[in-house]
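The structures considered in this document are given below.
The following pair of complexes shares a single chain, subunit A, combined with subunit B in the former and subunit C in the latter.
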Partner chain A sequence: MGIQFTKVNYRYPGWGRETYGAIADVTLSISAKDEFIALVGHTGSGKSTLAQHMNALMFPTSGTVEIFGIPVTAKRNKKTDYNSLRKRVGLVFQFPEYQLFEETVEKDIMFGPRNFRITEEDAREMAKNALKMVGLSENYLRRNPFNLSGGEKKRVSIAGILAMNPDVLVLDEPTSGLDPRGKHTLMELFRSIREETGKTIIFITHDMDLVYRYADRVLVLEAGSLVFDGTPDKLFRDPDLERWHLDYPATLSVLDNVKKSLGWDLDIYQNTVGKAADELKRAVRRP
Partner chain B sequence: MSYIDIQNLSFSYQPKRPILKHIDLAVEKGEWIAILGHNGSGKSTLAKLIVGLLEPSSGTIVVDGTALNPDSAYEIRKKIGIVFQNPDNQFVGVTVRDDMAFGMENLQFSKSKMMNNIAFFADKVGMTAYLDKEPSGLSGGQKQRVAIAGILAMETEVIIFDEATSMLDPTARRELMDYIRGLHREGLTILMITHDIEEALWADRMIVLQNGELFRQGTREAMLADSAAFAEAGLELPVALQIAETLRKSGALTPELEAHLWESSLRR
Partner chain C sequence: MKNVVIGQYVPGKGFFYRIDPRTKIIAVVVLMVAVFLLETVWQVLIGFAIATLLVLAGNVPLGRIVRGLKPLYVLLLFTLFFNIAFNRTGVELLSHYGLPTTMVLSPWTVVLMLAATVAWRLLASFKKAKLWLLLAWVIGLYFIMAKISFGPVWSTWTLGIYDQGLVTSAFVLIRLLIIIALSTVLTLTTKPTDLTQGIESLMRPLKIIGIRSEEFALIISISLRYIPTILDEANKIMAAQASRGADFAQGKLKDKVVQVISLLVPMFIIAFKRSEDLADAMESRNFVPGKPRTRIHELRFNYRDLLTGFVTAACLAASILVRVL
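And now, the complex of A and B:
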């Protein structure tokens, strides 16, 4: 169980199939446990549209998205509680400031649980735990979310979703606008949440360095179609990479350049600076 | 005298929490300066002070010989435009054409001059076909190009890019960088606020802010050589140089490899 897309199409009303953000004939299975998935593709390829189908914020034009056993199709079923799906699959939008609106961080994080009819006392406890999970101290509970830095706002908006204890966490460009240190801190946070809780984490990004370093699985969208589903290692060996408007990760480009310019015999497929350095060390020592 | 002359500039919202502390900075006409620093280092505040969107707590900013103050801010804004991070936060017009006209209307340009400038600068950024479209239907990269065209149409001398590429995908980012390089070649003064070291390498000079202070400044070669300072400021070196540093620490960096990694990082 988890999320199953079967021949899902989505067209924006009044637009054709080839337009911005549409999705076309996507079939895809996402496990409810223990996945770390990067969703990539250039602007307008349908990434955000696909993400919003994962918790029934959007309904397909045709095809079925089955979310924890509950089918979501073009025709809405009056008996289905779609809202309950949004509790199991939490979606964090790209701009946290659009998601924050209460006067304290605590109230903001409590909003979701309260919305799902959880008592004030329990919601308060959930807010405290969620804040801890995103690495912020309890002092933040009383602070005004609008006076926080970009990175802190992101963490609070993620805490707001985590407070509902979803099984699956979907993040739309969580690291955009953050400085390099902030990016890695946030990605390490997702990694630890995944390791500690077994939640499946799906993140949208344009940053291939992050994909290579953190993801176990990559989904590539191109003009709304799912054109690749596999490991990062396989993706970056795929000759179609450039046709999908994707970059090579920096470690790979640097090693490839050394290999070609200096004629060194290297395995260029290294996903961190440390591993790239080790590979070069090995090559230097080799007679 | 420099084109922009900033002396002893400080800013705070609350007296005990300074955001910028005693900044001295001189910008020459036609220069391209990259302003780097971690989130919250004061980069955007500096940009807002230079265009008069915020008032300094102390210190002076002189632009082209005129001291910036509430009375002169209007005149100075003719000379300096700013492109923001989130392309959606800078549109006022119903169409791209209206949007481009907005700044010129404020400056009371004649109707014919406005029409000429719109045609000329929309073409320059490749947006002529979109002049009668709504800005909201454009992609992020197109929005940023419209924002640039609107600023150029006001015949400004300086453009500040405040993380203007950070919300764009890699293709749109490269395109925007191409435009910025073109503007620099034509003599525009560029101040580019960024987290991206690869982008900063295109600048003539790099400035690093940390906790509101001007932490380091210099040529890109000089800055990159100081890897400890980079790390201290919460920044990352280009990946090739991170690899070089890692190898150096374990004594495995050969001169040949070091030269190659440096050269590949600095290639423009």
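And now, the complex of A and C:
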């Protein structure tokens, strides 16, 4: 179960008969439980298009996306309730401005659950819980979503999806436009959500530090094709990431430079600043 | 949306692409006046031939114009129907060619007509040739009413198609086609920026009565520029709300209202934000409306404009001549 892509292609219609390829021949399998996946790639490599296939917002041009056992193909099946898939796979878009519209945060978070025919009291309860999950206090329930800061808006928009209690949470660039500290608090938040609930979390990012530190699995898209699917450790041991327009995490680059210029014997593959510092200390103390 | 060609610029090379937009705008207006001066179906046919020749000579993608006419065929059919139904002068064609004109309305004909309609709708839902099916349906109805006369009769009426009705509808149709073709050529071959610059330049004399043409042109060009951007944004908002379970296709009326609000509120907020940003960006580059500015592309007349002007004038003169004589 979970999400299974089989030879999925998607082409955007252009002028006349021309089309533009967005994703090409993607085959991959995402488990419904306990995965923390980073989806990375150059701008325009098809990350967002792939993400929108995960909850049937987009239909493949060819191939099949199987979402919790329900096949999604180019031909829409009239009997399939695609809307119900969006409850199981929650997709948070990059800009909270695209979804916030109610006059209070509570009402806005309740919009999702209410669309799936959940009673008002239950939806209210879900909104409260979701807000707690994203680390905002109950005082926010009565506030106007348009008067919040960028980071708070982002949290509210994530709460709006979490309130539907999806099995898989897909986040399109959740950390864009946040300060470095905000990025880490948000990522820690996802980590705790995942540890508490066992939901699979997929996030799109350009920040390799976050990938190295938080993800268990990385998917690399290059010009629409899935070119890498494996652990971050394996990815960053690759000597030539330039061909996929990716760079290396800061800890890795710093340690690599130290190793090369000072000739120290270092294990450069450290995924947090703390671990990197420990490794340096160890190397310094060594006789 | 992709089939709508009216108001779309398609990049290309050709005679019409290189005429000054001011010339083009004036020429199109003058030619439309000339078309409206014509009185008989032969005259508009000649006009149509000339227009087609011009379009072909100008290397305008003809297929695009034809495709652009598609959404208008309902309008065209409508004019055709009304002119045939209400113009009752000249020779009655049906009786002239020995076809029945007395229509019978009876329970049987009504049942048969309903059956024909159902058959037509069913076929139309999966057959491609919709226009032919429509025609077959109309002819079918005609024969049902004309030939089935058994059983009780509710009422009878007389159908008449008069030759003048046909001629008038052809006249109106062709005139409409010429006008659409002319305006399509204008927008197909002129960049929106050039078009607004042309309008601005042409409206400059209106300063005397207090209309500032630069501001007017600026408003037009900004709105044109932002149509695709806002459409794009609307799509993204719809996707974002759909991922929260808002189903824009189905649902009860009460749900629909909330869903439309969930689309409109973010759209308004984003549009206002955008316009503020745009205003800031323009101000930070010292843009002051109405102040004289230089342009990268100055409009210049050349021999093509002279030629266009001459042909346009000739067309106008010709239609005035045939009108007067």
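Quick note on the criterion: the second predicted complex is superposed on the first by the 279 of 287 C-alpha atoms of A that agree within 3 Å, B and C clash if a C-alpha of one lies under 4 Å from a C-alpha of the other, contacts with A are read in each partner's own complex, and residues count from 1 in each chain.
Just so we're on the same page, contacts are C-beta pairs under 8 Å (C-beta built on N, C-alpha and C of every residue); 3 or more make two chains touch, one makes a residue touch a chain.
Only a predicted model underlies this, so the values are computations on that prediction, with no experimental measurement involved.
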Partners on subunit A (subunit B, subunit C) - clash or fit: clash
Contacts of A:254 with subunit B and subunit C, given as first, second, both or neither: first
Touching partner for A:160 - first (subunit B), second (subunit C), both, neither: second
Partner chain(s) touched by A:179 [first = subunit B, second = subunit C, both, neither]: first
Per-residue contact with subunit A, leading partner among subunit C and subunit B: B
A:284 touches, of subunit B and subunit C: first, second, both or neither? first
A:29 touches, of subunit B and subunit C: first, second, both or neither? neither
Contacts of A:55 with subunit B and subunit C, given as first, second, both or neither: second
Region of subunit B that runs into subunit C when the structures are aligned on their shared chain, from 1-9, 37-45, 55-63 or 109-117: 109-117
Those residues of subunit A which subunit B touches in one complex and subunit C touches in the other: 95
Of all residues in subunit A, those that touch subunit C in their complex: 13, 15, 52, 55, 57, 83, 86-87, 90-93, 95, 97-101, 111-112, 115-116, 146, 160-161, 164
Contact set on subunit C toward subunit A in their complex: 2, 233, 236-237, 239-247, 255, 258, 261-262, 265-266, 269-270, 273
Subunit B to subunit A touching residues, read off their complex: 37-40, 85-86, 139-141, 163, 166-172, 195, 234-236, 238-240, 242-243, 246-247, 250, 252, 254, 256-257, 260-261, 264
Parts of subunit A lying in touch with subunit B, wherever the complex brings them together: 20, 42-44, 95, 149-151, 176-182, 206, 209, 245-247, 250-251, 253-254, 257-258, 261-262, 273-274, 276-277, 280-281, 284
